[in-house]
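By letter and in written order, the chains are A, B, C and D; residue numbering begins at 1 in each of them.
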Amino acid sequence: MNSLRITVWGENVHEHKSAKVKAVYPDGMHTVIAAGLRRLLPEAAVTTATLQEPEHGLTAERLRETDVLTWWGHMAHHDVADEVVKRVHARVLEGMGLLVLHSAHHSKIFRSLMGTTASLSWRDEGERERIWVCNPGHPIAQGIDRQFVIEKEEMYGEPFAVPPPEEQVFISWFEGGEVFRSGCCWRRGNGSIFYFRPGHELFPTYYDPNIQRVLANAAEWARPRGTWVESCPNVKVPLERVASA
Amino acid sequence: MNSLRITVWGENVHEHKSAKVKAVYPDGMHTVIAAGLRRLLPEAAVTTATLQEPEHGLTAERLRETDVLTWWGHMAHHDVADEVVKRVHARVLEGMGLLVLHSAHHSKIFRSLMGTTASLSWRDEGERERIWVCNPGHPIAQGIDRQFVIEKEEMYGEPFAVPPPEEQVFISWFEGGEVFRSGCCWRRGNGSIFYFRPGHELFPTYYDPNIQRVLANAAEWARPRGTWVESCPNVKVPLERVASA
Amino acid sequence: MNSLRITVWGENVHEHKSAKVKAVYPDGMHTVIAAGLRRLLPEAAVTTATLQEPEHGLTAERLRETDVLTWWGHMAHHDVADEVVKRVHARVLEGMGLLVLHSAHHSKIFRSLMGTTASLSWRDEGERERIWVCNPGHPIAQGIDRQFVIEKEEMYGEPFAVPPPEEQVFISWFEGGEVFRSGCCWRRGNGSIFYFRPGHELFPTYYDPNIQRVLANAAEWARPRGTWVESCPNVKVPLERVASA
Amino acid sequence: MNSLRITVWGENVHEHKSAKVKAVYPDGMHTVIAAGLRRLLPEAAVTTATLQEPEHGLTAERLRETDVLTWWGHMAHHDVADEVVKRVHARVLEGMGLLVLHSAHHSKIFRSLMGTTASLSWRDEGERERIWVCNPGHPIAQGIDRQFVIEKEEMYGEPFAVPPPEEQVFISWFEGGEVFRSGCCWRRGNGSIFYFRPGHELFPTYYDPNIQRVLANAAEWARPRGTWVESCPNVKVPLERVASA
């Protein structure tokens, strides 16, 4: 197979506004996410893009050369230009994979692909999360034990307002009593979409080897599967002529 | 059960621009659709609303009092105010049923609920359509034979760019050689969505007893199933205190 | 709507072999399940049947007069006659609803409908279970708060080897660190199937008002939706004659 | 990726009982299916097995060394030993891909994986079939035009009694007026299952380059995605100790 071209997109705002976040991710969360992917997928071409770049770093050309896009955003969802969201959306339908990370559940791109609010319950106290594998045979779960622990994470709880996942890969248990569908797969058009819950900006989640393994597996899983440039053609000439029986 | 409150929404533009369409539907397509529903669901409260009314006839209050909304649109999709689309979308997630008719596959409301383009192939020659039942036990297919014919209809052909239907009720055969997934069910949030293909403005499709039966069945099927006012709450107090094993 | 005819099927073995179980369910688990349904669905006709009766109480006639069947079994799965399983299976495809309770995940009827093993992890220590609602608008979750607690239950943990649920209604959190997809919906043929996890024989789970509410809601949800007597007909006469374009 | 190990299973009965079938497939249908796969997947290891071999050629060892199994059967479904069916079923859940061909819709293995009858309507007159692509981006549709024609085939018509396909790849149009969901994907356990309609024994369907392309694509798509040896473990030691909040 061809080597995978992955673009890691980062909102890159918390890291500059909060000293605590900067202490955890001095060069931005996106650089840590990218480093993990590079480590586990040495043949992939992994680059980054951020909100602050022109067109958020997501020009038409850049997207055309992206096989899989990862998306982390939170406080600046509304600063993402609608035009860029439409462009990403179209590219997903065309075949680009999309990994939606943590608070990006409320991003414009995820909500527009799901057609729902993607709302959930939450508590930001830093509590233990156990991430359980629902389908050990799923490609995204390969190399992961039956469960793994993140010692401190933000809690997300059900109900999670999304369409029924086409495959459920992970469900999380939280110390405080909640559960959450943490790893969910959908296909839209020709694109593969994976939502993965962990990744609060205050915690070193993206340094965790299990988290990195899941993201690398998911990038491979989301690899474009074929080509389809959509249209709505008027096919004027019938293929058949029928005479009633 | 309570009596069903159905609002039949009509774009109501072709009927005023085309003498041919006016000849078929002199009082608008929406009045014929509404009449069919009234005939088959005598206990339902069926009203109509059109694009031309203030807020397209779909105020917040009106939507709150609507259990099931039917939507026919075509040439004026872009004249529907985004604010109204958002309001309808939110109400579907809250529980209102939505019947999406024919060319409304490209309506803003359907595309935003599906997260896809809902594109398809088409040919406007007036050809025979056979509508086959895929699941004779489905509530929307009750009272329908194993198939029925519309003698002259616009053709819609695959590929139909929608998420995998959660239930496939009908598939159409066309004289000219095409096929189409004509009756598809999805749930989004708490709302039930049914797409039904036939209904070109040039043909008397909505007078057909089988078509009317399907719409009446679908309205009953799309009845709100429960209540859920969505939010994204911060649940500050944990339910449990855990000490590591 | 017509009044619902519910048959509560009980394996009825533990109750006679274990003094502990008999202490909790002196007249059998099925009588308590039936009593809860009668209380909440006063218009339903609720009867019971057990393994020990001729044909396990599930004659063709009895099934024909059953709209919804509930199934609890555990240690005697293999004593259920294959012929009866086939009969129940056929009746589900025809339209009868089926509520699969707790250890019946490994019953012949559930496995044959799912096409998978329905295996899971488990621990029988009596621990706290929190049952979370994933879709508060779902009919089976009506009248249930965002979550409820069973103080002592057997633990079931992921992975749960079933096809992707068509709707996810509940997910459980367990004191010992596990999670489980506790309330799952599928349609097979014309029948509606709901799996509901709680209900270990050593605990008074079926006396719990929330549990009883879920079962009553599920029985209403699983009501037959239409009729379809399946066959595989040779349709000798073509409907159309086609001459190539 | 590793080279794919494909076992082509043939019932191999019609070919010996009918001169007409023998004329089309002198060395059996399985040899032609295998030849097509070898041509298009030169790195794959393609072998055949038939009903008449000991254990139908499907010993535990043979299955362990099979990545994807194709299954054609018709008049001898009931001669397939239940024990072999169970073995194949378990191997699919473990991860082996399964391509179910034409009349194998009624095979024991397909019915037991689906949990439904897989019944359909049919007519054996040799009529034109147009196979439409529903999702041009799907890996199984790569290299296929928007539709292709088989000039003479048996007709299969809806309703097709299967669970909702997780992905719909093809739908067929028939000269005589019927439609059918001809290419359907499901996952069960860790195994990928593809049903593909064409392939009546009286017609040279398996020599057709489009048919061969679909089968080769499907074999690649059905490649095992991961490993999971299922069990139902008693996990005695809790991971957590909880003290109520």
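Everything below uses one rule, namely that a contact is a pair of C-beta atoms (placed from the backbone, for glycine too) under 8 Å apart; a residue touches a chain by one contact, two chains touch by 3 or more.
The structure displayed is predicted, hence computed values, not measured ones.
Chemist: When the contacting C-beta pairs are counted for A-C and for A-D, which pair yields the higher total?
Modeler: A-C
Chemist: Using CA atom averages as chain centres, what separation in Å is found between chain A and chain D?
Modeler: 32
Chemist: At what distance in angstrom does the C-alpha mean of chain C lie from that of chain A?
Modeler: 35
Chemist: Give me the residues of chain A that touch two or more other chains.
Modeler: 121, 130, 135-136, 147, 157, 159, 164, 166-167, 175-178, 187, 189, 228, 238-242, 244-245
Chemist: Sort the chain contact graph into one of these: line, ring, star, complete or other.
Modeler: Contact pattern: complete, every chain touching every other.
Chemist: Can you list the chain D residues touching chain B in their complex?
Modeler: 121, 130, 132-136, 146-147, 157-160, 164-168, 171-174, 177-179, 181, 237-245
Chemist: List the residues on chain C that touch chain D in their complex, please.
Modeler: 89, 93, 106, 112-117, 119-125, 127-128, 155, 157, 159, 161, 163-164, 166, 175-178, 186-189, 228, 230-236, 238-242, 244
Chemist: In the complex of these two chains, what residues of chain D are touching chain A?
Modeler: Against chain A, the touching part of chain D is residues 1, 94-95, 130, 135-139, 141-142, 147, 166-167, 175-177, 187, 189-190, 225-228, 239-240, 245.
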